[in-house]
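In what follows, subunit A forms one complex with subunit B and a second complex with subunit C.
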Partner chain A sequence: MSTRTAPMRLNLGRFVVYATLAFAVCFYGIPLLWLFVAGTRSEASLLSDPPFALGTWEAFTRTWNNLTSYNNFQIVSWATNSLIYSIGGVLLSLAASIPGGYALALSEFPGRKLILLLTLIAMITPSTAVVLPIFLEMNLLGLSNTYAGMILASGFFPFGVYLTYVYFSTSLPKGVMDSARVDGCNRFQLFTRIALPLARPIIALVAFFSFLAIWSNYFLAFVLLSDDKLYNLPVGLTALVSGSGALSNLPSNDVPIKKPEVVLAAILVVLPVLLIFMAAQRFVRSGMLSGAEKG
Partner chain B sequence: MISNTGPAYSSPQRSAFDRYNPLRWIGELSETRYWMYLLLLPSALLICAVVIYPTLYGMQMSFHEMRINRPGLGNGWVGLKHYQRMVTDPVFWVSLRNTAVWVTSAIALEFLIGLVAALALNRNLPGSKVLAVLILLPYFLPNVVAGHMWALMLDPRLGVINDLLVKVGLLQGYKAWFADPTTAMAAAIVVEAWHSFPFFTLLLLAGLKGIPTDLYKAADIDGAGALSQLRLITLPMLKTIIAAAVILRVIGLVNSPDLLLILTSGGPGRSTQVLSLYAFQTAYKDFNFGYAGALSVVMFVLLMVFAWAYVRLSKVNED
Partner chain C sequence: MSAIAMALDGPLATSDRARKEKQKARRDARMSYLLLAPYLLLLVMFGLFPIAYAFGLSFFDTIEMVFWGLTNYQFVFDDFRVPASVVNVLGFVAIWVGMTVIGVATLSLMLDSVGRRTANALRTVYFLPGAVTSSAIVVLWLFVLDPSVSPFQPVLHGLGWGTRADVISGVGLAGIFAIMAYFSSSGGWIVVFGGALASLPVEVMEAARIDGANRFQLALRIKLPLIWRSLVLMAILSLAGGLQLFVEPQLMGLAGPQFAQSDWSLNQMAFQYAFRMGDFGASAALSTLLVGASIAIALVIVFATKFYKID
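Presenting the complex of A and B:
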């Protein structure tokens, strides 16, 4: 990017800009900071100490033990479920998006326009409109409350088809493909030996986005899964909150799940997202920007 | 030669293994005109399974009696019964109004904050690259986490936010934001704006990078101030991207009841009841799938109007 700065005016302008950015960072950062600090504190400290007081190691380990051992280590199996759904869903969405986007980018064929339009419509189809029928469909197929059903329902990521299509339509080396063709590659080999290795960045990007979408998926999982052994982490977190009454401020009961445990569970849900985001932020930002400019 | 197997169609003698080797079989198939469709097969199957079939099934549902808890009523065709009920259903109208309030105010707020942040980041001052990443980060926070985090922060006893507001002097005492029908929606809107404004920042920043600097130079020479530059150059140049961002966000918001489900479940009373929540509750609390289906169809139609606008806009972009 060439250094295209907007014309610099008064220093006052500069000050306003920094003030704005500082405000944005506080607006955003302070709640997150609070979340991470609150995870180390006891219930009593949360209620009486100043909002950003740091907790103790002892309080943290006690909260951690309360949370993990609750209901026979339920949260561990929820985390495992989340991982299974996410990995299965990512694989499924890759298996659909990469060849699909490749086919759409490769050539004209009857029905191509229609499929592109359908992909676009699928991208914006209201999930609430389809969630009830999907629930009934899964019942019909005998897939309700199964890993397969949840993976199937969450594994379609039309945005991935679109991203791959945009990527391949600009980056397929026609020359290399033609000469490979002359050398006797069949079209399947063109796909596996030329297109796929080239597609590494877009595979990573699609995997990243669909992982995040599936990992954070609340509504679909909430509707499809009624067996609490199969909950993913977001649904589990909500069940934890409503089951223990931790946020209701009613007279306390003997469930060991209180506000600190809820905070810690929330951190557990968000931690993988943050780590993956930090690791991937560079290519994600450029990928999203190019996607934005295209569409 | 890239492959040592050579072209699949040019080897007359094949061993038994070759004949049943799936790779060779796919290779041969790839030379036919079915190859494109084979590549599209996985996504087509998935589209059918999780988009097309459910959409059609939902529409069909909306014309039938379908009450899971009262099987005695059967699954008969009831025509437009559910749609007629909707017209006279006060809850539907309240939900529709709440949806409109929820979507327009949240998006207006997101757009404003997003635009200001994008304009600030676009100055390319030292540190703005790092800030751009930091600002983007919480957008990836799962809804559930954002919801519970804010539920805790707005909690009347923990009072992180209450504490702050009392200290600043804006508030007399701690307030239960989500328990009061007059503030529940406003609080939820702030939470939603907090969560999603980076979406606008990101898209608008991309748009700002594409505006030629000459325009601003010319405006400077003509003596146009910062505000009139914003009004006469920046906003008109960003028109398409703003429209696209708004439409995508509208669809996202109308679709996902997650945040409201966690923060308020539509309450207190019906003060935060939106259409998607109402459809969900009709199905899973009243077990009236037919009526829930009709509500979903209405949402679907409303959103398809936006979808149509979006497709139109991306066509305009290509020209």
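Presenting the complex of A and C:
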């Protein structure tokens, strides 16, 4: 602005920057905003009113009742399942990651390098790559279609071990451990009395990432669970859609699941993660920087 | 303790000390294995064993349970749908990785050149769709791509697309899946690169500015080279994830039977073999190939780059 030679170019550059950023706001923001607005509208309103017309409270409660009571409150049990898988899986991944990452960071023992290498490979390999092999294995063990099978498979979270390993290797001073040892702590007390109290931030970070991975896992649940009583929400959502044909624009049937109900079910899948994201955006930054997250 | 050891300095004491050291190391190792036990159990159960089991199974006729060498692999390669799905997946990966690298780099660099508060607000908007995952992405985009309800209705009509079928054939399936995946996965990367760009050395930026670099040159000649390696890592990780594509094509049928794509991607083919044909051997063979590709990519990242350090 201060020079007289370049204002034209500068303005054009600025215009391009802001136009691109605004275009991106539309691309990322509009579908998400639309989803939440659409949850309040009736089928007729979705089809004929402008895209962002607000719905009514009546329409919303009718949709809500249709969705929740459908098939004997099926969606409620799916949501409960999702919670069970997520809480069980997060607890298991913590129970495995925190002591495991601590041991890898602070002690020397035969096989340590190999375990670290396997952890890295397992972490970079997309979890979807191993879903069918896991299905074949669970079939062998008789664990497909069980809560235990889903929770066990969800608890394997090598990224959590790596995050914990990085955290303890960089933030736990060796001196603290040595002096605690001199003070008569045994090896197990070193972990429970010294390391665990310092581990609060990493516990939160690992819980955050493993919750995200488990809550939204579709492929594993889809392959392992064939009994619709055991479905999680992402699989339940697709069962609702395919059972009702709500997205197909075919002649309507008497199933009470229409477009608004599907939108509301999708909101149920998205909302918990969205709330956690809003509360913890900084987690993502710190976590993804200390070990890039896999797609 | 060391004082006593020094006082007793002698051949007997040293061997005693060595033995004690050894004992201590052994006890340390035992404790480490104990702490690692839950993780190692899961690593074997859901990492090593399934991969080894699928690998073994891939050499068997799993219906009669007899060894038949490479027959399953032969069967997979002879299935005409497999080369087609290779082409599909590679097309998807090319579009998605291209979109991700260009989109994330452009938006990150642009955000780094505007005011901090604006940048933070916009970054949040780009990041929130990351909450829309797996089946919800597909359901949401089947609405968005349907001109009768889409919030982008005017745009879709403007392009001459009146029905969802028009949109899908206009954009192409690979492009549609790439848009879905990009919508949800790119915001997290933009947050990451926001952090990376903010931590670039201030002196370098100052020096470049004093040398007369404008915003555009600063972004292209200074910042881009400094984040280039991270962009490459992002591209490789996206490539590894993209090869495993399953959910997006698998759920296209939600829009109606005429949109169903049950054998579009490689993972879908592996799924089809196991679930539609009951041929676990063929499924294991194709899964083994897919896992092999992922592990190869992982090994390249671990050994050829320095992103993940194991001291």
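Here is the rule we use: the second predicted complex is superposed on the first by the 268 of 295 C-alpha atoms of A that agree within 3 Å, B and C clash if a C-alpha of one lies under 4 Å from a C-alpha of the other, contacts with A are read in each partner's own complex, and residues count from 1 in each chain.
As a working rule, a residue touches a chain if its C-beta (ideal position, glycine included) is under 8 Å from a C-beta of that chain, and two chains touch if they have at least 3 such contacts.
Everything numeric in this text was worked out from a predicted model, so none of it was measured.
Peer 1: Under the superposition described at the top, does placing subunit B and subunit C together on subunit A give a clash or a fit?
Peer 2: clash
Peer 1: So, does A:P260 touch the first partner subunit B, the second partner subunit C, both, or neither?
Peer 2: neither
Peer 1: Counting only touches as set out at the top, which of subunit B and subunit C does A:Y162 meet: first, second, both, neither?
Peer 2: A:Y162 contacts subunit C only, not subunit B.
Peer 1: State whether A:L116 touches subunit B only (first), subunit C only (second), both chains, or neither.
Peer 2: After superposition on chain A, A:L116 lies in contact with subunit C alone.
Peer 1: Check the residue A:G184 against both partner chains and state whether it touches subunit B (first), subunit C (second), both, or neither.
Peer 2: first
Peer 1: According to the stated criteria, A:L237 is in contact with first (subunit B), second (subunit C), both, or neither; which is it?
Peer 2: In the superposition, A:L237 touches subunit B and subunit C alike.
Peer 1: With both complexes overlaid on chain A, does A:G55 touch subunit B (first), subunit C (second), both or neither?
Peer 2: Neither partner.
Peer 1: Can you list the residues of subunit A that touch subunit B in one structure and subunit C in the other?
Peer 2: On subunit A, the overlap between the subunit B and subunit C contacts is residues 6, 13, 17-18, 20-21, 24-25, 27-29, 31-32, 34-35, 38, 46-47, 51, 92, 95-97, 99-100, 102-104, 107, 109, 115, 117-122, 124-126, 128-134, 136-137, 152-153, 155-156, 158, 161, 187-188, 191, 212, 216, 218-219, 222-223, 234, 237-238, 241, 247, 249, 259, 262-263, 266, 269-270, 273-274, 277, 281, 285, 288-289, 292-293, 295.
Peer 1: Under the touch definition given earlier, write down the residues of subunit A that touch subunit C in their complex.
Peer 2: Within the complex, subunit A contacts subunit C at residues 6, 10, 13, 17-18, 20-21, 24-25, 27-35, 38, 46-47, 51-52, 92, 95-97, 99-100, 102-104, 107-110, 112-113, 115-126, 128-137, 139-140, 152-153, 155-156, 158, 161-162, 169, 187-188, 191, 212, 216-219, 222-223, 234-235, 237-238, 241-242, 245, 247-250, 259, 262-263, 266, 269-271, 273-274, 277-278, 281, 284-285, 288-289, 291-295.
Peer 1: Mind listing the subunit A positions that touch subunit B in their complex?
Peer 2: Touching subunit B from subunit A are residues 1, 3-7, 9, 13-14, 17-18, 20-21, 24-25, 27-29, 31-32, 34-35, 38, 46-47, 50-51, 92, 95-97, 99-100, 102-104, 106-107, 109, 115, 117-122, 124-134, 136-137, 152-153, 155-156, 158, 161, 180, 183-189, 191, 193, 212, 215-216, 218-219, 222-223, 234, 237-238, 241, 247, 249, 259, 262-263, 266, 269-270, 273-274, 277, 281, 285, 288-289, 292-293, 295.
Peer 1: In the complex formed with subunit A, which residues of subunit B make contact?
Peer 2: 1-3, 6-10, 23, 26-31, 35-36, 39-40, 42-47, 49-55, 57-58, 61, 113, 116-117, 120-125, 128, 131-138, 140-145, 148-153, 155-160, 163-164, 194, 202-203, 205-207, 209-210, 213, 216-217, 220, 226, 241, 244, 248, 251, 254-258, 261-262, 276, 279-280, 283-284, 289, 292-293, 296-297, 299-300, 303-304, 306-307, 310-311, 314, 317
Peer 1: Using the touch definition up top, name the residues of subunit C that touch subunit A in the complex.
Peer 2: Touch residues, subunit C against subunit A: 25, 27-29, 31-36, 38-43, 45-51, 53-54, 57, 103, 106-107, 110-111, 113-114, 122, 124-136, 139-144, 146, 148-153, 164, 183, 185, 187-188, 191-192, 194-196, 214-216, 230, 233-234, 237-238, 240-244, 246-247, 250-251, 253-257, 267, 270-271, 274, 280, 283-284, 287-288, 290-291, 294-295, 297-299, 301-302, 307-308, 310-311.
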